[in-house]
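Below is one structure. I have some questions about it.
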Amino acid sequence: MTAIKVGLVGIGAQMKENLLPSLLQMPDVRIIAACDTDRARVTEIHRFVPGIPVKDSVVDLLKDIHVDALVMAGPPQMHREAALLAMQRGVAAFVEKPPCSTLAELEELVDVANRHGVVTGVGMNFKFAKPIRQLREMTTSREFGDTLFVQINHYANKPRTPLWGLDSSLRSFLLAQAIHTIDLAVTFGRGELIDVRPRVQRHSDGLIVNGDLTFSSGVTASLLSGTTFPYFEFQMKVVSSTSTMVELDNLWNMTVHEPEHGTNVTGVAKRWRGTWQPGPLDSGYERSGYYGELLAFFDAVRARGCFEADYASLLPTYRVIEAICQEETESAFEGLSLRSQSRSEHTAIAL
Amino acid sequence: MTAIKVGLVGIGAQMKENLLPSLLQMPDVRIIAACDTDRARVTEIHRFVPGIPVKDSVVDLLKDIHVDALVMAGPPQMHREAALLAMQRGVAAFVEKPPCSTLAELEELVDVANRHGVVTGVGMNFKFAKPIRQLREMTTSREFGDTLFVQINHYANKPRTPLWGLDSSLRSFLLAQAIHTIDLAVTFGRGELIDVRPRVQRHSDGLIVNGDLTFSSGVTASLLSGTTFPYFEFQMKVVSSTSTMVELDNLWNMTVHEPEHGTNVTGVAKRWRGTWQPGPLDSGYERSGYYGELLAFFDAVRARGCFEADYASLLPTYRVIEAICQEETESAFEGLSLRSQSRSEHTAIAL
Amino acid sequence: MTAIKVGLVGIGAQMKENLLPSLLQMPDVRIIAACDTDRARVTEIHRFVPGIPVKDSVVDLLKDIHVDALVMAGPPQMHREAALLAMQRGVAAFVEKPPCSTLAELEELVDVANRHGVVTGVGMNFKFAKPIRQLREMTTSREFGDTLFVQINHYANKPRTPLWGLDSSLRSFLLAQAIHTIDLAVTFGRGELIDVRPRVQRHSDGLIVNGDLTFSSGVTASLLSGTTFPYFEFQMKVVSSTSTMVELDNLWNMTVHEPEHGTNVTGVAKRWRGTWQPGPLDSGYERSGYYGELLAFFDAVRARGCFEADYASLLPTYRVIEAICQEETESAFEGLSLRSQSRSEHTAIAL
Amino acid sequence: MTAIKVGLVGIGAQMKENLLPSLLQMPDVRIIAACDTDRARVTEIHRFVPGIPVKDSVVDLLKDIHVDALVMAGPPQMHREAALLAMQRGVAAFVEKPPCSTLAELEELVDVANRHGVVTGVGMNFKFAKPIRQLREMTTSREFGDTLFVQINHYANKPRTPLWGLDSSLRSFLLAQAIHTIDLAVTFGRGELIDVRPRVQRHSDGLIVNGDLTFSSGVTASLLSGTTFPYFEFQMKVVSSTSTMVELDNLWNMTVHEPEHGTNVTGVAKRWRGTWQPGPLDSGYERSGYYGELLAFFDAVRARGCFEADYASLLPTYRVIEAICQEETESAFEGLSLRSQSRSEHTAIAL
C-alpha cells in the first residue's frame, strides 16, 4: 500500500498529545512536513520525525512540498483559512474541531470542498471512540429495536471566557465542547433534525445549556451540558422500543439494561443487567477515537471517498449552535424582568 | 408519650409490605382497628396484631371505633372518599399516593382539610427517604451554593394500561409513578413553579415523558420518566453555583463532584470525588422513606401541626400532571401529520 | 397457625435496632414478656408492646411466665448463662452472637441442648442475609460447577480493646466480628474443616488477621479481617471449576463473571458480566438477615426441628477461633526477635 | 538531546500492539533496525519506519549495525540468548517478560550484566502503569503511615497448557502472568522477602495459586492468581497503620478509604470515601505502563544508570516462582491420599 504523505499544521498541545501519537503509530502514513508560526514549536517535530522540512506558514508548506493531506490543529480561523488554501490545491484537509466559527463559514467550507472534490475531515473523536462505535452497533441491531430516546450529559468546566477572539462565551463553549454532544445527538438521532428547544442558564461566568432535539425518525435527544460543572465527564443513555436501555459512562463502562437478563447460574432473573469494562491494559488511541478518526479519514483519502465526519456532516450541528446562540440573543432583548424561563419561548426555530 | 390510635384501611400488598411493618416498629403508635372489603385480607392483620376489631367499611370503622388517624392504601377513589369521611370526623388522614385522580379532586380534598383543620398526609416516601433527606441537607448548605439545575431520571416499566378505572394510561402512569419525580422536582426546585415544558412519546403501549420545569428560584429541573424502561431505577443530580454536582443513584449511592477534592494521602487533586455507600447491614424502612413519612405524619398529628407531605403540598405536582395530560390531548387533535414535535408547542401552560 | 410466645432478654441497641423490629413484623409471633437488669431499658418495650410483664432477671421471667422461646442480646456470659437456664426448662434459646467465649463453653452448650432436646439458635445474620442466600443458591447450581476457592474480606475498625471482661482484644475481635467471616467460610467451604493457617499482625491497638482454611471438599477459603480498617465493609468472591466467579459487595451488589456472557444486543462477547443491584426501595430486614434468621429459628421451634445456625453449627468456627488465639500465644513466647513471620509456623493445627 | 538508536527483535503481537507504538511516539528514540526469523513479519516494520535494514538473526543485526539498545519481545529462550549476545557487545538489553525460565538462568543474566556494565530491563509494565505509580506515591506519603498489608487479586484464564517448550503449566503461568503479581508484592512489600507460603490448587487444566509473602519491613502480601478465572482482571488493596486502605481496580479506578473523609458540603462524615476515575479521553500507553517502562529504560541508558526493572530486580520474584514450583513438586511425591492441604506444610522455604 502506498503511504500517504501528510503535512502537519499547528504543533501545539492537541497535536502533540493526541493527533501526532496516533499518526506515528498508523501504518502507511508518512509525516513529511510540518508548519507552525512558532519556530521552537515546529522544530519539536524533529524529536519524533528527524530531518523533515519545517515551515512557518501553510502557504509555504503547500507551495514547496507535495502532500496528500494536511492535518491541522489550531484556532478555528486558522482551520478555516488553511483548509481553504489546501482544498484549492486539491489537498485533503483534516482539521481539529471546530472547523470554523459560524454556520455561514461552514457552508462556505462545504461549498469549496464540493467544488474541488477534496476529502475533508473534522476531528470529531467522540464519534469514532471505540465504545461509541460499539454503542452504534448495538443500537442498530435488530434486537435493540427502534431508538426512542437519547440522553447525553456532557459535563465541562470551561471555557469560562470567550475563545479565539469571539465575543461570546456561549458560542465559544458550543464550538469547543458541546459540538461533540450535539454531533452525537445528530448521529444517534438519525433522520432529519426537525426541532430544537434549547434553554440557556448563566450564573456568574458559568453556563448550563440543556434542551431537546427532535428528529424525523421519531427520536428525541435530551442534552445537558455547560461549564458550571466541576470537571469533564460524559454519560450517555439510549432507550429503545424493546425497553432496552444502553448506558455509556465516560467512554469506559457500558451497561445494558434489558427486560430479560440473567447469568448461567441464575437464569433470567429480575434486576440483572449486562455490564462491560475495558481490560486492565486497554491502551492506545482507539478508545478515545483519535486513532479511528484519522484511520477512517486516510481510508477516504485513499479511496477518494467520503469521510463520515466531513465538513458537511457538521451542518446540522452548526444549525443547532446557531439556534442556541440566537435564542440567548433574543432573550437578552426581552429584559431581565421576564426571568430565565422566557428565554425559551422561541422554541420552534426554523432549521 | 400517649400512643396514637391508628386504624388501617386497605390491607393489600403496599400496606403489608411497607406501611404495616413501619407502623409495627414505631414507638407510641397503636394499631387498634383495620378495615378491608375483603374479609380474608383484613383478618390477616391478626397475625401481627391479635384481637383488634376488623371492619369491611370505613364508615363502620369510623362509627364504631375512636381513632386518631387512618392510614390507607388502596385505589385513588377509595383514598379520596375515605379521606373525606375521616376529615369530616376530625380524624387525621394519611393515604398512599395518589390521593385522588385529578387536580380538581385534590383541590376539594385540600379545601375540606382546611375547613376541618385536620392533619393530612400522602405517602410520598421518596421525599422522606434517608438519602433524599441527606441530599436536601447537602444542597441547602452554604458550601453547596445556589441550586441551578436538577436532573431526575425515573425509569419504570408500568403501568402499561390504565389503572383504577381511568381511561388514560398516561394519567395512570403520572399518578402511580411520575408523581414522585415531579414532587421531588418541586421539592428541590423551591419557589413557585412558573413553567412546564413537557414532551410525551408513545410507542406501542409504552410511554416516555420528559421535559423541563422552571421555578421562580431560577432552578430548572429536567425530568425523564416513562414506562418504556426495563425495570424500576432512579437517578438524580443537582448542580450548583459553586460547580458542585451531587448525584444519588437508586437511593443507595451518593457522589459529590466538586472542583476541589482529594484525600489525606493525595491532597487535593484532579478527578477525585467523594462517594458514599450504605453500610452492609443497612436495614429497615428509613432508607426507603416509609418509616420517615409516617413518623413525621404522627409528629404532626401529636403537635396538631403541619405535615410536609400534606394534600396541599401536592398542588404544584397535580398542576404539572394536568399540564402533561392536556398537552397530549391537544396534540392528538392536531393530527399525525404534524409529527411529535408539534405536541410541545404549547409550552407556557398557565399554572 | 398458633403464635409462638417469645420472651426478650436484654433490651439494648442490638435488640432495639434489629431483633425487635424483625420480631414485631413477623406473623404469628407474640412478644409476651421482657427482661433486663436495667429498669429504664426494659420498660422501653412498652412503647412497642404495651402492657406485657417486664422482669429484671431471666430466672424470674422463666419462673413466672410460660414462653416458647427466649430471644437474647447481651454479652456472651449472659447468653451462656441464660441459655443454660432456658434449655434446662425446655425453652428454645436464641442468642445474639457470640453465644459464649470459648470452645469449651460452646461444647457445654451443645451438650446441654442435646440432652434437653431444645431448639437453639445464634444470630448469624450474615448467613441468612438475602444476597448470601442467593449466593448459596447460585454456587450450588449445576451450572456453577464445584466451588474451588472462596475469598472473604471483612473490614472492621473495632473492637480495639478487650470486650466483655476478656483479657484478649484478639479473642474479642474474633467473637464480635470474625465469627461471621469464619462461619461463612465454613458454610461455603462445605465438608470437614481440615486445615487452618492463620496469621495475626498487630500494629498499635489494631489487628490484621488473615489466612486460609481448607476443607475436605477441596475448597480453600482465604480470609482477611481485622480492626485496622477505616470502617465496616464486606466483600466475598467464590470461584468455581467452570471458571465462574461470583462476587458480593457489601450485601448490595452481585457480579457474576463467566467465560461466556453477553446481552441480547451484543450476543456473547468478551468482558461482559452480569451484575445485580437491589431495587431503589429495597426495605426491611431481609437483606441484612435479621428477619430470615428469626423466621427460620421459629420455623424450627414449630417443627421441633433443627435450626441451621444452632449452637452445634458453630463448633468449627470456634475451633478456628481457638486456633488463631493459640497461634498468637505461641508466637509471643518465641520473642520479638523472630519477627512476625515466625508466628505462622505452627500451621497444621489439629482440629 | 542525542537520539538513542534502537534495534527491535521479534516483531510479533506484543511488539506491534504495545512496544512499537510506545517507541514510535517517544521523543529522541530512533528505530534503526529490526530482526525476526520470519521475513513477512519483519518487513511489516516498514509500514511504520520505512527503509530501515531488517535481519533474520540477532547475531547479524549486532554484527552489521551499531545500536545503543535492543528491545526484544519473544519467548524466554530467545530473550535470554539475545540478551547475552547484546550484553557481551555492551548493548543495553530490554526484554519483554519473562526474561528467562529459571532462577539459575536469571542469575546468569544478572552476572553477565554486571560484568559488562550494561543497562538491562524487563517489560514489567504493571510496575510502571500510571495508577500503580500513583499508588506507590500515595502509600509512601507520611499521611498514609506504614504499609501493613497488601492484597493482590490477579485473575487470568491462561495459559492452560505449558508454553515455550516448558514441561510445567504451573511454571508457564508463573512466568507469563503471576510474575507481575509477585513483582508488585515485592515492590510494595519493601525490604527483604523473608517468607513464602504458597498453595497450589489444580482442577482439570486450571490452576489457582494463592499464598502470603512476608517482608522484613513487616508487610504481609496476600496474593491470589491462577488460570481458573473467566478473564483477565486485576485488583489491589494496601492497608496502613493509619487505618487507610487504598484500592486499585483494574488500573482504572482508585478508592481511598480513610477513617475521616467527607466533602465540602457534608463535612467529615461516616462512610464517605475518595474515588478517582480517569478522564473520558484518557489515551495512550502511560496508563498501561508500556510507555513509562521504556522511557525510564532509555533514561537509564542515557545516564548509564540503573533501571528500576533491571534483571537483578527480578531475583526475589524468581525465588518465589521457584518456591511455588518446588512446593507443588514435593506435594506430588506425597501422594494423593494426603489431600491438598499437605502441600503447604513446607512453608519456611529458604530464600
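A few points about this structure:
Think of it as A, B, C and D in the order they're written, each chain with its own count starting at 1.
Definition applied: contacts are C-beta pairs under 8 Å (C-beta built on N, C-alpha and C of every residue); 3 or more make two chains touch, one makes a residue touch a chain.
The structure displayed is predicted, hence computed values, not measured ones.
Of the chain pairs listed in A-C, A-B or A-D, the one whose interface repeats that of C-D (more than half of its contact pairs identical by residue number) is A-B. More C-beta pairs touch across one of A-B and B-C than the other; that pair is A-B.
Per-chain CA centroids place chain B at a distance of 37 Å from chain C. Chain D has its Cα centroid 55 Å from the Cα centroid of chain B.
With centres defined as mean CA coordinates, chain B is found 40 Å away from chain A. Taken residue by residue, chain D touches two or more other chains at 231, 233, 244, 258, 271, 277-279, whereas all remaining positions touch fewer.
For chain D in complex with chain A, the residues that touch the partner chain are 1, 3, 17-18, 20-21, 24-25, 27-28, 30, 47-48, 50, 125, 231-234, 250-252, 277-285, 287-288, 290. Contacts from chain D toward chain B in the complex involve residues 138-139, 141, 143-144, 244, 246, 255-256, 258, 260-266, 269, 271-279. On chain C, the positions that touch chain D within their shared complex are 146, 148-149, 151, 153, 155, 157, 194-195, 197, 199, 201, 203-204, 206, 208, 210, 212, 214, 216, 218, 220, 222, 224, 228-231, 233, 237, 239, 241, 243-245, 257-259, 270-271, 339-341, 344-345, 347-348.
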